């Protein structure tokens, strides 16, 4: 009895779900949330006569879990740079044909031959994020380095990112090591630093820290520059600094999934994204740093010279790109993160 | 008698075997495999994940989780019982009140948790009101500690006690209560000696329905606890996401599940009844 | 109730209906809400029926393996259940050329809702006198009639409570749904989670208030109909 009901309702539902069918080619794009201008997709649909389904995610792992099986239904995804190699190793990516991407020349030179994919055979850089310190200008003196986050005057009024790579990375930088360190001694040193800092912490927060900073609950926060920019947009008394010891940088890239049945159309979309006007619109909406040199030229001056998103060359030089870590190190870091959290 | 029963049980068996036991078997397999180079699963088969578990830090995490879940469950029962009692006595408007209780719980769990954060923050509603009333000088640290986590858990899982309790209380024979009253028992005594024991199936159901999810909770400790402490749910969550160590995550979950099942079994044996 | 007020307050900070219209006009939100509703209704329907039958069967005579498996499904952390189902689906999909979609979500929801239904209904069944059915059988009814006319009415409030619980659990589910959802099957919790993760946003509060009002009126209407 109930089997009949089940079958008929299942059929009804699938019928419902499939009833919106039109003949235009479909492209399914999976991107970070709030990472594109609202008119980019409609413009693309109009120019190429395609129909786009746009889904979003909040973390690389979420995206990975969905596409790992090879039949998720998505055509394009935007992993952070250090995820590209794992995806490639798991045969998830389709090769990028550079001849189909005439706009590739618009990329900034430093992103034209990135570490994770020197010939851009598998990915195309999109935007860049970095981590630093956001603070309330009331603080005197203003924070300038990671070591300032260990200052007792901030007790209970500051947060660090709830992200193992970022927080352990900050501790490593404070000790003068690389954010990609694999030496256990260095990592244990970082752990000691983090545990030392924990009593001063209010919490480990990501985006929530922005609201707390704006409302005055906290005075300083370990924050990504895009989030900090959002905070600064809503409150003039917030500032941002790239710490003196150095900081982690996360470019993310656009990839085509191997399961995609519309690879040519996917290439068209990537090429479309590389158009300076489109890239500029995306960067403006998402309040991020674009990897597109052509776009940078046409950004409005107050955005283009924004020191949080487009810092000067000396600051850029201090940044360090996050790389994929080997499993043994990953496991050690994860263990250390658990120990820090449980302390 | 057995034929009908077999038909009745068949659909559940089908669903459980296909949609639960088989996937679980896959997880069991995962726990004995190795983490792939960049996440995922590869051979060789190994018990390494389980060996890693034998470590005081994980025991501490387990203990904490049990403690927090236990307190939350107790509070849920304490709060849920009067509520369920009230609804079961409500006569014609029973379903209406039931719906009313459930109503806030159809908004997203996440939103309600955020609402709590909004209330408990230093500049949040509660502190602002208390300060305006002159009761406190500086804001109370209401958020980002165990208390906030328990509050969030209790708030989130209250209907899981109200509903089963209501299901049993509604059935309660009023004449028993009347008889007790006639015999001179005070309301409290009636409550303690008649109502509560007779609703024990509901209490048991409610306790289980709250304790177990609380054990595996990760969103609430993360958001309301400020990520400063690790519950076993956070640990497992972390393994399947950031750490991308599925074998270890599977091993931890299976061990957790085994411990809880053992506990349930012992409790059931102790009461001389079967699990359900 | 205090619980409603919590979400209301956060909305009133905004002081305008702007957020409500924004929420309603956002097609992503309305699509997701519709998806959630469909999934929850179907899953509740199926799991309540299957679960009630199961509870009755178990009440008659316990089955250790089935009872144990049901408990096991409750005890499983959501992320594990989600990953397990995802792995299972992907394994199956190697033989069938299909993808994740609404039906994968519905099936997943049914699988975890059943245990909830069984527990609530069994708790109710425990309060029913077994001899009533025997009496019916003695009077010439067959098993099915005994169930249908004697026991079923007695446990109806329990079934309703169980259905409500199943609906809540299904509608609100995030973890499992997000793992097994396909391209077209985004649900409300998934969307809300995405928005809320980026910080406090009045749109989210507007949605919650809308849901409360929507379901509230449903409850009111059903009550009016019932007592009319």
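The letters A, B and C name the chains in turn, as written, and every chain counts its residues from 1.
Everything below uses one rule, namely that a residue touches a chain if its C-beta (ideal position, glycine included) is under 8 Å from a C-beta of that chain, and two chains touch if they have at least 3 such contacts.
Values in this document were obtained by computation on a predicted structure and should not be read as measured data.
Visitor: Of all the other chains, whose mean CA position lies farthest from subunit C?
Guide: With centres defined by C-alpha atoms, farthest from subunit C sits A.
Visitor: Between B-C and A-C, which chain pair is linked by more C-beta pairs in contact?
Guide: Of B-C and A-C, it is B-C that has more C-beta pairs in contact.
Visitor: Using mean CA coordinates as chain centres, what's the subunit A-subunit C distance in Å?
Guide: Taking the average C-alpha coordinate of subunit A and of subunit C, the gap between them is 34 Å.
Visitor: Per the centroid of Cα atoms for each chain, what is the distance between subunit B and subunit C, given in Å?
Guide: A distance of 16 Å separates the two centres.
Visitor: Find every residue in subunit A that makes contact with two or more other chains and list them.
Guide: 2, 62, 65, 68, 208
Visitor: Which subunit B residues sit where two or more other chains touch them?
Guide: Within subunit B, the residues that touch at least two other chains are 11, 240.
Visitor: Can you list the subunit C residues in contact with two or more other chains?
Guide: Counting only residues that touch two or more other chains, subunit C contributes 49-50, 53, 83, 87, 193, 200.
Visitor: Help me check something: in the complex, which residues belonging to subunit B touch subunit C?
Guide: Touching subunit C: residues 1, 3-6, 8-9, 11-13, 15-16, 19-24, 26-27, 30, 92-96, 98-112, 114-116, 118-119, 125, 155, 159-160, 163-164, 166-168, 170-172, 198, 201-202, 204-205, 208-209, 212, 216, 218-219, 233, 236-237, 240, 246, 249-250, 253, 256-257, 260-261, 264, 274-276 of subunit B.
Visitor: Inside the complex, what are the residues of subunit C that reach subunit A?
Guide: Touch list, subunit C to subunit A: 38, 42, 45-46, 49-50, 53, 83, 86-87, 89-90, 93, 99-103, 106, 178-179, 182-186, 193-195, 197-200.
Visitor: Tell me, which parts of subunit C touch subunit B in their complex?
Guide: Subunit C residues touching subunit B: 1, 3-4, 6-7, 9-10, 49-51, 53-54, 56-58, 60-64, 66-81, 83-85, 87-88, 91, 107-108, 110-112, 114, 116, 118-124, 126-128, 143-144, 147, 154, 157-158, 160-162, 164-165, 167-168, 171-172, 174, 188-189, 192-193, 196, 200, 204-205, 207-208, 211-212, 215-216, 218-220, 222-223, 226-227.
Visitor: Okay, in this complex, where on subunit A does subunit C touch?
Guide: Against subunit C, subunit A makes touches at 1-2, 5-6, 9-10, 13-14, 16-17, 28, 33-34, 53, 55-58, 62, 65-66, 68-74, 206-208, 210-211, 230.
Visitor: Considering the complex alone, what residue numbers of subunit A touch subunit B?
Guide: 2-3, 59, 61-62, 64-65, 68, 85-87, 89-90, 156, 159, 162-164, 198, 201-205, 208, 212, 215-217, 324, 326-327, 330-331, 334, 337-339, 341-342
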